[in-house]
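First chain A sits with chain B, and in the next complex the same chain sits with chain C.
Presenting the complex of A and B:
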């Protein structure tokens, strides 16, 4: 060839000169007109541009973050969150931490005592059934234990309570109690109790941002931490009668915050009387006499009088209420789930449970989630695969037909989207059931005997058929959009080069349609892995997915923590598969459109 | 090049017709034969049926009527992959998922040629288009001109005797296009292959081809060597389409012995060379190339006609002067004069006399 031809490829051909120039550029950075390195000034120029772009999309970005990311984070949080136990039973859980659950010994009396006061406050705040339900997920029967004993608490140490009430009419007077407990210096004590009670009744304090909002823009109701309880505890009484002060503060807080009543008019709880009796028994007479309040003599007299009234131990009282309280089992459960964060839901989702010896698998016959996850994967893969098999020829046809016919066919592909999902799924029920259309036709044709009609619904087969049908458009659309961008000249070129139809398809057309298959597969697989309504209707027991179980925990068993844990596992599995796909096929190879 | 008899034709179209929709004929009665080793260009405006003809030859479209013969054998029923025709597409059609070398090896692989042999041929083909170092690149990493070379190499690597090219240089810039034109013709002649080349660019057609078939409206308007086509267009379409031409309309007054007199619509009487007019009274278009018009009466030989003209515009173009005149009532008469030392430069408004040799003035049909 003549030398004129070298013209075109000198443009790209690497030459030694160019190599040297490139190496020099690497060592001495190129400078912009004002002397700063070019890279730096480019970055500065780009930064302003980026900032402007960011501000433009900021509203949308915030919207997406709030409505999309936040629920996911909430779900992840819920799957480990477990503050309810320590919030509801703060004193019990701290007392229980001393107890060794591995032994068969019962917890000490102090635990039962703390539990009495905790449970009393919880019952008054109507939170004990919630806790019972939560612990029931881990130890069946705890729920009824809590409910039953909650009813009996009023009668604990009844004799003492009645004795005090009968001792003098003043003790039944709300105002008398209020003046006894009121004084100076107990603000911090009240704040501590307020925090505990707010946690119990699940009210949150107002955030600094909320404070700002209320101070400047809106008029808000008083924040729970600012509501006036109606008294200031007396520091002296707190020292003198610690249990009573605590019980009375709990009573006061719940009465004001939850019941919205006034403590000047409400007679204290039985627990306050019980606490007073306990305190009086433990405080020497001399100290009581030294009390600066006008009630000093009354307290001394009451102490003397109460000495004759018998008080049963809290353990015995709980034992009378329910035998199960004198077995280690409920205490183990409370102790195991005392921490604010737990792996319990995840262990549960992995068919495991916590035992004193660490996590263990559940007995064989109680394991369901592993099986469900496996089944979900298997069915989703099968559905994806059958969608590829059915969708590929259709997409190919669509992309190779003249525009008008293709558009018509496309409408047929999209038609299912225009009918309700429920209708489509129910239609499959009609088609597939034993007295359904397909079986009738088969029997009529004589292919199947009337007695041996095929079971095609309420099993995996039903789920696969119905879901393949429902998800097929999600496979066809990305495939079609990729295939319609493959120019026909590639196929022609291959044929002109001597390739047979099959070779042309397999070596030239198919590799270029792979991105469409990839996109469709990811779409269908991820959709089907979380599908819920169709398996619910046609899946029976063997064809349901893990999402059906999640739905059950969200709407029926109300175990949101477990539902969140299962959801998180599903999310992780999907992300892992996505990652694997990226490593094997490459995500750049996924095209959803032109 | 002289017309070839059917006996030695390598490629032949015999009364080929093609319709896509059953209503209009895109190709109407196409007859064409070309010998081995010829470089033939199909030239014509867009939509004139060039690509359709090429596709029928390659086997991607079937002729509605007529026969296409390759080496004397009808190929109407042979599928495209068995025709052994190399093809270069306008968008190159390099397989994006294969490297350059794999692209080139593809036609050899499907022909079950052994690996060693294959590699040798691929290397040879790459060297042929001076792209030896680019075997491992993907098509997307190449510039347009480089992709074009690879597409050419791929069409040639399996040594076809016939290569079809459909506007292969359409996407390149002017300089690269001219360069590639040169390269393709050289390669075709060196390898002795037969080429059917499609373009709508007349310069490309004239510079590259042995013969040019001018297409319009589904018919070949003229099939001739470039010089013949330029200098002796057979009808007014070809005269208009190839190069620049001045046309004057009129009526045949007298016709005899390869000479005719034409009464122009402005009333002037001129002599002309009758090409496809037959009898007096017929309407005609007379066509004269701008560079065949003489403004220096002394240079005109015997029997030359002169007409009065008024200069409207004078454009200096470097190597030539382009002057627009009003002649016989028409404002678009253009003449081109060479920029020589003794050449006069005309001024707008000037009245002059122009003339030409009667044989350069061709009386054509009036369509």
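Presenting the complex of A and C:
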């Protein structure tokens, strides 16, 4: 049995390949039984073998790629993705791109106008607070600015809106509006608006695969791009009243897709009235009179009436709502974060911020991530070092004891290894608390007064002790597997040549055990740098890691982009270590449970 | 170590060595008893004198002939002394100390500590030998104590996380099964247990099914991109859990799996796969390929060969890989916190929130049960590993 297990690749005996090479050297190809050259048929067999191996691996590979690698890539993508600004304020960002943020001049009126229509749709879709929150990460105060103005938006150009509503009762009728806007030839227009609104309400379209799935296997709700809005825009109206058509289309799409109401029953938003007033003011009367719809005369009359109603500029209206809108600061922020991809999150994770003059360090007192990364490194190194210190004697003892005793003692190492992480963490909480077991014993022994119990938890000490305990088996096992291969005869030889105990250990034994230390250290360091649960429970505020901050940004502050950027940085560090581990130890040599 | 041969003769050592050493040990323990009673110095003095006197009694009056009698006397003496000083806990500690002292006096006084060591070692070397053992012993205590402390505390009758005076005096009233009752009667904990038992086995099955196939593929002699594939398959073990959890949270909510049972199962299966790959490929390293060739030679088709020849031989590896995958899923909390919703609350999740928010000793009862489970799993894996090594003829162990 043991003969057969020796590795076939290392046998140096005549093989078919050598035979073929020898025959070919004589220019005399060897033929297989069916007459094809043997080399060719061997190659075919090899290809079949490779294919079979790949077929066996493929299911798992696909599984891991979909369930694990894709999420990691998605996280990397999220760390630079920044579509929320341009999705929520598409018109504003395109208008704003012309503006030069370096000057102290305010953006032109066109920007304020575009911002009014964007923000109105965003408020109706309840997305403006999300955007405010996003921009608040970069410029504190923007969030309340958005929320405040979001409430005032309904009253902008109130006089015009009221004038139109009072002009004739039919302008308050949903059906009248619908018949005005409906017509032919506006399908493409509606589709463009639909894409914009879907991006705004953050509902993704279904993929072709998803459509196939819904059509053949499952019964799904209608995809958002297939839902009937209830009207077809008229191409003529789009030309005649461009702003009104756009505002009405936005109203129709959000009403149907988000509120799930019918536009035949809902009165349009105030923004539609404002758009109509603006359009009428700019369209000559002759064009209005030439409109083929029955509402032509009504439009002409309305235009004449509206001429007397005063309309404040959008900039003034925003200024009345909040003074900050007439400072360049919020506009600079919007412009800086308008592109669909940003390095902002990474800069944030490196304690920097984007300014119009390029990236800059944040003020000294706001730099937390550098400190956090330093602390994570320091704690991980301390834990790794304590593991070496505690693991080395144990591994040495285990590899020098007789087999039977070593196996018995090994159980003491393996039992913690197999015990649930939370069990061990809760055990340390029980032990280290101020009213915990260690403090009780110390008080009972009289070493510590009852009033001056030691604080061992919710600080760095707690994290280091608990994590050293949890990761110690990961240090001992690789060390043990290296040390048990060191032949004892070397030590004996050194001693018989007159070396002292210390010299023997330091010059002969220790150098041979270094690979074990290396393997164990990298493993422990990789594991500790990404720890979350234990620091969360025993670490308090000073003993937490960068992972705790990532978790905080995902679940509490909802700054997913920053969480993803921090995660990407951590991932790069770990992958570099993983690569080093692979070079030093080899992934194939990872052993579990001894 | 008792099975090793005696290589150094024992003899009674001079009192000038024995008495100070034993007295020193006595002084060390006396210090603790003394400080607990109020005066450390008095404890040291009494401990030193008492132990040195006992050593003299043992070696000059009792001798080796009456060794047993002296040891029992010693235990009895300290039982009584302990009870008088510290009540029931003192009784136990006193008994233990008496047993230790009886053994220690003879071990030192008769030079038994050199019995299994080569006669040529210097005093310093012998001292280092035993100091090293004591250091290692302390590290083992560090490794195992937290687990051992949890178990008795789970029988606490009070709602405390520490030993109550009743528990220390071994009063039956201090102990109860109420936390276990809590665990078995609380709907929340039972739901958590059910969720864990619904998620872990399915994730294990997925991991083992895909993983075994892939491991067999990977151990074929000619696999293109073997290194790269291996790196991808092992990566769930290397990437920090918080990153996997974050990525899965983002991605699974994109495709509608976040907060669903299927999502959690898929995530846990992905995390368990590296363990299956590692253990099964390790088993396959020693697999004798000529056996499959022999089977094919005798007319078995690949499927029959796999199930009748290869599978029985690599089964131990597959099972221990499966156990690893199971414990990974069963213990996992970070990913389920993010990928799961309240409906997928597992046992570790429940423990985690319990530890963070309302601290109740029910957690300790659950912990004890989980330690029991891990002991069973550990034993199984060890037995399987030995069986597999025996089958492959690698080691006699």
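FYI, the second predicted complex is superposed on the first by the 436 of 594 C-alpha atoms of A that agree within 3 Å, B and C clash if a C-alpha of one lies under 4 Å from a C-alpha of the other, contacts with A are read in each partner's own complex, and residues count from 1 in each chain.
The rule is simple: contacts are C-beta pairs under 8 Å (C-beta built on N, C-alpha and C of every residue); 3 or more make two chains touch, one makes a residue touch a chain.
Because the structure is a prediction, the values reported are computed rather than measured.
Legend: residue contacts after superposition of the two complexes on their common chain; A:307 is shown touching neither chain B nor chain C. Contacts of A:48 after superposition on the shared chain: neither chain B nor chain C is touched. In the overlay built on the shared chain, the residue A:489 is in contact with chain B alone; chain C does not reach it. By the touch criterion defined above, A:511 lies against chain B but remains apart from chain C after alignment on the C-alpha atoms of chain A.
By the touch criterion stated above, A:416 is placed in contact with chain C alone, chain B being left untouched.
Chain A uses residues 1-2, 4-5, 8-9, 501 to touch chain B in one structure and chain C in the other.
Of all residues in chain A, only 1-2, 4-9, 11-13, 487, 489-490, 492-501, 503-504, 507-508, 511-512 touch chain B in the complex they form.
Across the interface of their complex, chain A is touched by residues 58-60, 79-87, 89-91, 93, 95-97, 106-107, 110-111, 128, 130-131, 133, 142-143, 145-146, 149, 154-155, 158, 164, 176, 179-180, 182-183, 186-187 of chain B. Of all residues in chain C, only 1, 3-4, 32, 35-38, 40, 125, 128, 132-133, 135-136, 139-140, 142-147, 149-150, 153, 160-163, 206, 210-211, 213-214, 216-218, 220-224, 229-236, 238-252, 254, 266-267, 269-270, 273, 275, 278-279, 281-282, 286, 288-290, 320, 324, 327, 330-331, 333-334, 338, 348, 351-352, 355-356, 363-364, 367, 370-371, 374-375, 377-378, 381-382, 385, 392-394, 397 touch chain A in the complex they form.
Here chain A touches chain C in the complex through residues 1-2, 4-5, 8-9, 46, 49-50, 52-57, 59-61, 63-65, 67-75, 78, 204, 390, 393-394, 397, 402-403, 405, 407, 409, 411-416, 418-431, 433, 435-437, 440, 444-447, 469, 472-473, 501, 526, 529-533, 536-537, 547, 550-551, 554-555, 560, 563-564, 567, 570-571, 574-575, 578, 582, 587-588, 590-594, going by the rule given at the top.
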